[in-house]
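Sharing a structure, written as structure tokens. Questions coming.
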């Protein structure tokens, strides 16, 4: 036992080895169902492959960087569009989620009659399967008889071409729908963060003469800043690869206006059977995600909880 | 100095509060209407006689004269709704949730309570893996499972479905265990329990609240999955609600027959019911669990 | 004028009556301690004064004005919370400056005031740190500084010492007392620790179950408890209480307990409690007239004080003794001077004046 | 739980000891067609007690869904799908049988030449039995448009007369011409009306032409200039539903929806006529004429026993028999592919059926039975929508569609774009130009 | 035999040395208190004994065996946590029975033992509740019961009273003492409250910064502090410390402070601190030989004790006085009996024996 500190690794190993037993199932799952398939995807991106290769070309024919070359030259402008759209989609969504989520959370964080009822009801969109609700939104966003335009008509706002219009029309529709899908989650998480702020901080500030706004900006915001940052990061990463909202409503259109990586991947893989190209887009997407996620986790203090 | 009456003295301060409360309620009611409207829309159109394109704002106002149960009758009169679609979706959803949760429990515990060598890199690693777009996993899965003869079998879907939620739920569980004071386990150790005993007798009973959220998330994925199901299910008996919904909502092979929006809504609504039940049962826990920082957007 | 006056203050939370018809006046510059057990309504009373809580009935006056209608921020009071309520994300400087900034005091003045206050409390070298980097005692001072810097009319302190360890608590107690002596500001201080109350207060308000039982100087509270609860609560060890009855006999009016018989007069016959402080009990190794035979159950030595826990035929008694030379099981004889005896009505708990003698 | 007793055996060994043979069909019939299918299947099973026919709902029996099933051993024996690129691709990729080898060639004589051409590959092989023929035509609401327009100018004028717009939204629309979700299916007709074609006879796309751009502009002008078509008609369901409720004067749709229109508006109020002549060119629009057809998978794809294959062929033939096709007509208004069925339909003298017949028989073009057809749909949707949303010109859209198809064909070595690259691809596919040219000749021929 | 012996125990957490070469022996049946300020390593030491923490160096013996390699569950110790660590999902009964069930004690015996223990601690009426439904004091007893019921060789208690309020803390202190007297089990008790240590311990181990400074009976710790820190930490108010120097002059060896000059001998010349307890300071209103003139800065009255805070030319002094009749600013004269003086090496803090006189 003596001088064991000199070998912390072996020492920890001796005490902590049961951890590996607990992790074993997870490790097996990761290896077989995540790491191996991800490696396969990398491999596919270097092949000429699909369920239906051109007759005469054996499956898995190795073609080196041919697919990357294709994406980087012939399809370069599309690739650029995908990158920009994915970033815009994730970033704009997150900004809206945070604003709406924080606002509602701040309102719910007061002593209010019936706030648990509000909270339960407000969480419904999040609890309903997105697959179903998005299909419904598709109809609600219809230009001519969609109920959204009908509602706008009540306020004498001319109808909007949600799915076939210009940049702000189409992105606006998607962001509106995505807000509906996600704001409850952000609201609840921010509400919880706010509830963890000791009440006496507010009371102290109140006695000290701070107005409601001053309290919000000088106590609430800084206090839950790291939670908001972390949730925003996670949400950004999730939204970047969130497939259904765009695929089911605009399928990336009009043109490639709303095309993002995952939608493209799905279209290449399942609509056109271009598995190799799909794999190549996937790899690029994955690399972008890692380039954002790893530094954000490593160099900010956003995810301290994970390493505690 | 004249003393103000009791009510007089309260009024001014109460007035400010009442105004701010009214504003708060107003904002919340607007948000709630926004949140519930599409759900109401699904429900109402599922029992509405009027065709989708003819729906106007006024036909959205509840009106007995406009109601028909035709769509529900249409969906439910097909016994395969229960014997095949619902049954399979529940089998996939529940078994994936069950298996996934058990694995997540072990993972979360190990990540939370042990400081084994390699813990930090491991966490980085699984965070990195989480970033891989799941859509693309279908293709390699397909080739792997084909080799194992698992295509079009229950097992062949339950395995990837369970795996799908394990990383996320594992982290959720870890965060939750982090919030349980460690001295509870230490007390159990001193009281004569092994580490495993402390885990099963102290941690597992305490972790129940997180299971609500875990179950919901692990259930919704497989229950509504379309992509993997479409690739893996090639037979009749394994068909799921999501596949059926898609065929109800999309055009037929002849290239154009209209979808019956009423049938689609009725089907959607019926499909949503199990999830609403889970949500309402575990509502308290789900909200509690969410607060520990999940990532479902 | 920063007199604080509570007039028939009652506060109900649903069914619970947290504060029950309390009236008291804190004079300008006075240090008043609200003392009582956990849950008795001290904090609620303080919060009513600050305006954080609105009373159900009654009126609060600060200086000359009724403040029932005044928002907390306009009452010109400062409050130190039990948890200190320091803003964890702000540096100490900004913590102290918070209230001034919120009131848009000019920057130069803020800097001057914060530095002065910090110097006074000897925390000027900490101004750049965050609260997490401070020890408990330092945080406590920052909380005080935050209140002081605003120079309010009234200070409200809610158990400001309860998070400190024993040693630090004692030291800080003295600091607070000195601060008050220096500033002579009106202060209302909440605690459940009777030692704190005794050492700090100009006046103590003893509260139990929302009711004000006694409002008097520390020595009066200690020497002349107005209620059985006060006698029991103030002083360590607690006052010995012996239940008995005042009866008129042919030989005169007597107070009887199972083991004591005293001549007593001045009140109606009935059930009373006789209270004697451990300090007023005389322990001797030999029996004397009117002495009660006891056996030693235990001895508690704190270094400077020794408490003897004694059993007699019908119960237990605690006595404060100077010498620790007792062994468990030993027989001793206790007696007391009737002058030091306190009597309380058994039903209401109120103190009654009885002149008693053996 | 892995074994599921109810499961239809997808592959080999279907002929059980009892001597029963079971056959599995992938189908995705519409709600009106399905009852007919069911009754045909039941009738067949009564006639053939040794054969059991099971069915699976499978939306699109395309190569990409069939391949997994074939690999998994759960492929069906019979698939039903469109005769166009799906059917031909499956044959091209060697999933389905050449039915000529299984049935007497006289068995094919019952089909109309048009429909038979639809299921003929290489001019010789027949990979499916056609169940119906279909295509779009002009359908109009007689209450709004009493007589069918003969030219597009007339059509637009009539549409303007009935279009009602309030608050920017159309309460009655003159015309709904098609949308992105059909990804160019209807567009092909207009392209032809402006003198264009999708592919040249060598298989190279010919989309980057003025005709394409003109057709695109014509369609877009209906919304932007003429204001007779609302924007955002992105899902068929919506405009079908609009027509049903009497809010649209003219749409371009096929027989598959006709029964629902008739039942919604009344037989007297639904008119069908050939699409009007394009005023600028004097040419008729030529919609695709295709078939829904039933194919039988070969042993390699379905691992079926020869008994199963024979039973499958038998059922497929039965499903596409004269009597069956009449059943489909009765239940869903599908146009029979058999000459007898077609004659029967004509003999009923249903006005709308006559309208379709005129369009199909006089003014239509045949589906391209080539793999590159698969590369047309998505780019069309993408770039046409870009054009109508205003982010590109029609000419740019036409050129982008063409480029995209070319690049896909290059990527997958589809002639005439078999490129020799530096990549270590060793083999290239063989392509029979003669066959293609023959196909093209058939397809591009305007039957007048 | 349940002796606990620590032999050169050191525990490092990275750079921090939490426990620094501590050796001590707790005899069978002894009540030992580990006393020291926050963060000094008390809890760490206790956890090393329980096995929850593994020492970096040294050995732990329980009874005759080295337990360095023994898992906590096999050490046969029971621990009461500062937070009580009651299992929130289990009823009180199951909380108490937990350790017995873990050891597979027969059911009948568990029922019997739990009931006995619960009766002894007067919590038998709570057995059906969950911990959340209990008050602080009740929880504390459940935690005790959970330890007691197992009848372990050694009890380890980590600040078991710190979550209770002042009054309850004092009452529970006595209960624990009685419990120990009754059971005579080896107990190691951690606290930072010197009053608790003084009243409970058979022996006190005073720890500072991970180092054991003194291990002796409470009275020895109080009367003969082995280290300047001990003198300072134990006793309220703290011992007065006056820095000075031992110098040899032509007239002999003297101890000089700025205001005091004493004859002193028995140690090398150099810097020392002179320590005098407030109780040992004699205050008089008139000056006398060797007396030091002071002015009264403040008076702290706790009811039974009075502390006088005095200023003299070079600093402050606290004295314990019997009468509270002093007024702020008054001139008084203090002196003390050299016999009561303690001397500590200024560099190491260790106590030194000096015989001193005026």
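As written, the chains take the letters A, B, C, D and E, and residue 1 is the first residue of each chain.
Following the convention adopted for this analysis, a contact is a pair of C-beta atoms (placed from the backbone, for glycine too) under 8 Å apart; a residue touches a chain by one contact, two chains touch by 3 or more.
These numbers come from a predicted model, not from an experiment.
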item: Length of the shortest touching-chain route, subunit C through to subunit D; value: 2
item: Relative to subunit C, chain with the most remote C-alpha centre; value: D
item: Among all chain pairs, the one with the most C-beta contacts; value: A-B
item: Gap in Å, rounded to a whole number, between the CA centres of subunit D and subunit B; value: 38
item: Distance from the mean Cα position of subunit C to that of subunit B, given in whole angstrom; value: 54
item: Geometric centre distance via CA averages, subunit E-subunit C, whole Å; value: 26
item: Multi-partner residues of subunit A (each touching 2 or more other chains); value: 139, 145, 150, 270
item: Residues of subunit D whose C-beta touches two or more other chains; value: 68, 238, 242
item: Residue list for subunit C, restricted to those that touch at least two other chains; value: 71
item: Touching residues (chain side subunit A, partner subunit C) in the complex; value: 198, 200-201, 203-211, 214, 218-219, 222-223, 225
item: Residue ranges of subunit A touching subunit D (in the complex, touch as defined); value: 48, 51-52, 54-58, 61-64, 66, 70, 74-75, 138-139, 142-146, 149-150, 153, 156, 158-159, 161-166, 170, 251-257, 259, 267, 270-274, 277
item: Subunit B contact footprint on subunit A (complex, rising order); value: 9, 12-13, 16-20, 22-26, 29-30, 32-38, 40-41, 44, 93, 97, 103-104, 107-108, 110, 112, 115, 118-133, 135-137, 139-140, 145, 147, 150-151, 154, 180-185, 188-189, 191-193, 227, 230-231, 234-235, 237-239, 241-243, 261-262, 265-266, 269-270, 275, 278-279, 282, 285-286, 289-290, 293-294, 297-298, 303, 305-308
item: In the complex with subunit C, residue positions of subunit E that touch it; value: 37-38, 165-167, 170, 173-174, 177-178, 181, 192-195, 198-199, 218-219, 222, 233-238, 279, 297-298, 300-305, 309, 320, 324, 328
item: Subunit A-facing residues of subunit C, complex; value: 47, 50-52, 71-75, 77-79, 81-83, 85, 87-90, 98-99, 102-103, 146, 150
